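Next up: the structures, one after another.
There are two complexes below, and they share subunit A, which is joined by subunit B in the first and by subunit C in the second.
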Partner chain A sequence: MSQADQISLPAESGGAAPGQPAAPAPVAARRGGDTLYFALRNKKLVGGLIVVLALLVLGVVGPLVHTNSPTEYLGTPGQSPGGEWLMGTTMFGQDVLAQFLHGLRSTFLVGALGGGLAAIVGMAVGFVAGYRGGLVDEVLNMLTNILLVIPTLAVLIIIAAYLKVRGVMVEALFIGFTSWPWAARAVRSQTLTLASRDFVDLARLSGVPTWKIITRDIAPNMSSYLFMTFILLFGGAVLAAATLDFIGLGPTDGMSLGLMLNNAVRWSALQLGLWWWFVPPGLGITAVVGALYVMNVGLDEVFNPRLREM
Partner chain B sequence: MRQYFGRKLLIYALTFFAAVTINWMIPRFMPGDPIQGLVARAQVADPASVDAMNAHYRNLFGLDVPVWEQYMNFWGALLRGDLGLSIWAFPTPVSDLIVRAIPYTLALLIPAILLSWWAGNRFGAFAARRKWLDNTILPVGYILTATPYMWLALLLAWSLAIVAGIFPVSHAYSFSLTPSWSPEFLGSLLAHWVLPFASLFLVMFGGWAIGMRNLIIYELEADYSNYLLALGARGKLVRDYAFRNAVLPQITGLALQLGTIVAGALVTEIVFSYPGIGYLILQAINSQDFFLLQGVFLFIVLGVLIANFIIDAVYTLVDPRTRVRLQGAGA
Partner chain C sequence: MLSLHSISKDYRTGAFGGATMTAVRDVSFDVGVGEVVSLIGESGSGKSTIGRMILRLASVTRGKVTFDGADISAYRGPALKEYYRDVQGVFQDPFSCYNPVFRADRVFAMIKEEYFPRVPREEWAEKIEAAVEAVRLNPGEVLGKYPHQLSGGQLQRLLIARALLLDIKLLVADEITSMLDASTRIDVLNLLADLKARGLGVLFITHDLSLGNYVSERTIVLRRGSIVEMGPTNLVFGNPLHPYTIKLLDSVPRLHEKWDVDAERPAEPAWAVEPLVEAEPGHFVAGYAA
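And now, the complex of A and B:
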């Protein structure tokens, strides 16, 4: 099977900017041990993974250890970091550390749920459109193209504005259902190249049902690509949620990093010089998303031998 | 050619239709009744007056006719350019508010998009496969693309405006000046423009640089590059060819990123209280001004569609292959 074919693909599939994985799926048929060997030696992958896992642990375990409420007014307002309040307090005397830990938790929740949902929808649409072809493809492709040009965030703003009560889960749900189109398109074009391969034809001739061909023959052959797509969707969902929260359409109950930024701006933390209120949340988001992107480059190098040396 | 653009236009027309329909549907089919909210805000206890107010609002929003008629009326008003009156800036029509805000948003967006795209592509192409540049500066690119627009804007506002005092923190011009074409006023406009522009530029720059760097690496692996090198061509020549091929997906990438970029501009405006579309959105949300919000939404969709169409046109100009294929298909 020609690897070279596959590797020259990404340039055409239109994936360049941060929103798209630049590499296709180089066949997963390689032995697992081999992949692991290169994975553990890839500094970008390991480094990114460490940062993401560390922040994940902080978000999951943090609120259990540091039990202060993120919303209650606990201390002296506007205290700088250090001493009793490790990361200072807000203008109202809320504990910034508690807000940060809870915010990290909802960041991961939105990313996993929203990104996961978008990945599932995108894959389903992409697989079906690419494998079935014909009218199904036409219709799904049209739908994808339409949703692709609608500015998603504007739609999210409208929806969120009409919701009186907003939770992190609902936010993730809406983000997931609106951010799948580019993934669908990418998966579709990958599926198209696989659908005409001999082993797929063979499966079809022997009467294997469609969904089985997709899950057994097509998906495994682009698993690395799918995984990288999920990572990018995860990052995208985190950024989208942060934007929504910042505009003031974030969760009405609970805390998120975007909401911290929103509060900080609304109560002029800038003018008052309360930098500890707005620096950590942005840093948290940047660290999570940046580490994910770097991890993706690492994964790309692991799965794609041509990128490996250097 | 005509067929290609016809197909594109059909997609855009359908998109606009979908957007208008979404815009019409959301307030009507969302859980929770906005009219109830409006009535509740008036805090009237007397049931008779509550009923009267309900009827008044239903009539005002045109909700007292059958659903399909409401939908037709919505389109009719839209085609007449009537987006309703703003509640936040009552009784200014929504369309007036938007027209007033548009120049500011475009003045930020267009230079930021074009310059960051150009500079990012150049820089990414330059850094690709150059060891230390690739290893030291590109991580910066990754951090930049991962940065939420509003956070970078906040950091710039805090460091360069508040702490260092080099640039003004907010608004589009100093309120001590009256808008005119005097050099003083233009200088003030420029000084207020620098920071929001810079924060948009930087985040986008990182994305384009990384995208280009990856694409160039793929192009340099391609057979034609190896062939050229084997023929003894200079590295510079090979890179030039690689660049021309790698630019094409970057154009498509720009079209795909437009929505995100616009969202970035909106939040940047909010940080700097820059009186563009983003600032309108914030006001609309804070004062529950749904007419304004929906008008802005339609405007953003329209803008993104037009930009997409321009990019399509540019793509066919830049890539001779699409042109040939189109003409072949048309003949």
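And now, the complex of A and C:
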């Protein structure tokens, strides 16, 4: 059963092999279609994707359309939503809508960069450790385990506190380099089982170099797994960034949703009833991360026939 | 051509790798040009491990394997690749030899990419067709399909065709017929006979005595990682001298008679590591006393 399950990926035929005859591919089409068929009918996946894409468009296009600066003091302080200021102003007269749009943008940036970086490091470590085994595995595994038991947040706080100027990029780098260990362990265990399959031996007998075996033979067999790993890391990076921002260790020269929350709390927006200052960023973070996790559950159902609701 | 010089393989076992388990113990034999040698043994006797050591898929703990006089353990990178140009293997389970997410002909594409990158596409397609026809398959039926759309016999023969693309000198055939039904098995065996005629050396690893008898010139009987009896097939099968071989031969079901539960059977001999003694010319038996 498991072998047949893993076939259902549309990306497969593309990178297959240059020497292959351009074979009639009704089967491949049907199979790729299978995944798409279940993907489009999965309410969790489609719903999550719509929310994430809508927020992404808002974050990318929004600041271009609504060109107010998120940090300048533009209007009367403490304006409630409506009228000139669509989402009101802060205690200092900053435009909340501009802050929200820029915050969304940096949230996606941190997620993509931090999550992407963590995915790359985690996969590299996991693949190499799982495939090479022996001493390489021992060393990499030890490194992974050490990083795994280090209280990441505490380290992030210390590092962030040392840097005087922090941008969104730097924050994403920190998060990326500290959140990869569980991904590495997951990838390693999958690689261990795949590497003992005969087709890997056959590739070795064909003189295929190690990196090619990993990227062309092992990785395609777990591509759904890798994709879901990336989504989880993305969500994790967004949350970690929001946490850092909220405790005041966010970007010093930019805007983020966590920073909005941090400012709102520092200037007692809750007590003063400035709800339009802290509700949008809170909802934004919840929506992005929640939608990503719901998407992940949906993807799980698409890739794993046993979980499909039928 | 291929020589094994008293090779051994130890596996580390136990929680901290403290204990060792010897899977193969001091095994020496040769495979000559155009010679089919069958390696017979029960499950766990180390026969597949020997095949994997010859193919450099497992390391050799002690001793060495030489091919045309050169120690194969020294091969790295390009040299190892050249070694695989001469020596190839076909494994027991054809279904797991194919990456399930790709088409079955990807095994040919890998060979082209690594060994014949400059061969034009049309010429290569002809070469593949010739190799597929050589293993008695219809290219139109099997090319461009996914592994699960082909039968075990077809997949197994495609793997042999893959090995043939390289113009090899030695084929390590590890239980290649155990997953096949009787009629396809005969096809594959006949194919091996053809290959032998072409001058290809074959190490035929099997647990099936009658198959070994059918294809090979020389037979090696393995028990718990050591050789118990070795020699020309007609001598080993016609005049088995080691008690284990006698017991093994007696255990083969015969087509024309029912299994007699109450009949006297030779007992399983006690196990001991004994040196090989030449009982008659070319016929070696472990611990033989004339």
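The rule we apply is simple: the second predicted complex is superposed on the first by the 279 of 310 C-alpha atoms of A that agree within 3 Å, B and C clash if a C-alpha of one lies under 4 Å from a C-alpha of the other, contacts with A are read in each partner's own complex, and residues count from 1 in each chain.
Quick note on the criterion: a residue touches a chain if its C-beta (ideal position, glycine included) is under 8 Å from a C-beta of that chain, and two chains touch if they have at least 3 such contacts.
In this text, all values refer to a predicted model and were calculated from it rather than measured experimentally.
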Hey, is it subunit B or subunit C that touches more of subunit A? B
Classify the contacts of A:R204 with the two partner chains as first (subunit B alone), second (subunit C alone), both, or neither. second
State whether A:V265 touches subunit B only (first), subunit C only (second), both chains, or neither. first
In the overlaid three-chain picture, which partner chain does A:I157 touch, first (subunit B) or second (subunit C), both, or neither? first
Go through the superposed model and pick first if A:P77 touches only subunit B, second if only subunit C, both, or neither. neither
Examine A:T286 and indicate which partner it touches, taking first as subunit B and second as subunit C; both and neither are also allowed. first
Which partner does A:G133 contact after superposing on A: first (subunit B), second (subunit C), both, neither? neither
Where does A:L239 make contact in the superposed view: on subunit B (first), on subunit C (second), on both, or on neither? first
For A:G248, decide between first (touching subunit B), second (touching subunit C), both and neither. first
In subunit A, both subunit B and subunit C touch residues 4, 7, 12-13, 16-20, 23
Flag every residue of subunit A that touches subunit B in the complex, lowest number first. 4, 7-8, 10-20, 22-23, 142, 145-146, 148-155, 157-159, 161-164, 182, 235, 239-240, 242-243, 246-249, 258, 261, 264-265, 270-271, 273, 275, 278-279, 281-283, 285-290, 292-294, 297, 306-307, 310
For the complex, which residues does subunit A have touching subunit C? 3-4, 6-7, 9, 12-13, 16-21, 23-24, 27, 197-199, 201-208, 217, 220-221
Seen from subunit C, its contact residues with subunit A in the complex are 55, 57, 80-81, 84-85, 88-89, 91, 93, 95-103, 105-115, 121, 124-125, 143-146, 148-149, 159
State the interface residues of subunit B toward subunit A in the complex, per the touch definition above. 11-12, 14-15, 18-19, 22-23, 26-27, 30-32, 34, 37, 129, 131, 134, 139, 142-143, 145-152, 154-155, 157-158, 162, 169, 206-208, 210-212, 214-215, 217-219, 221-223, 245-246, 248-250, 252-260, 262-264, 266-267, 270-271, 281-282, 284-286, 290, 293-294, 296-297, 300-301, 304-305, 308
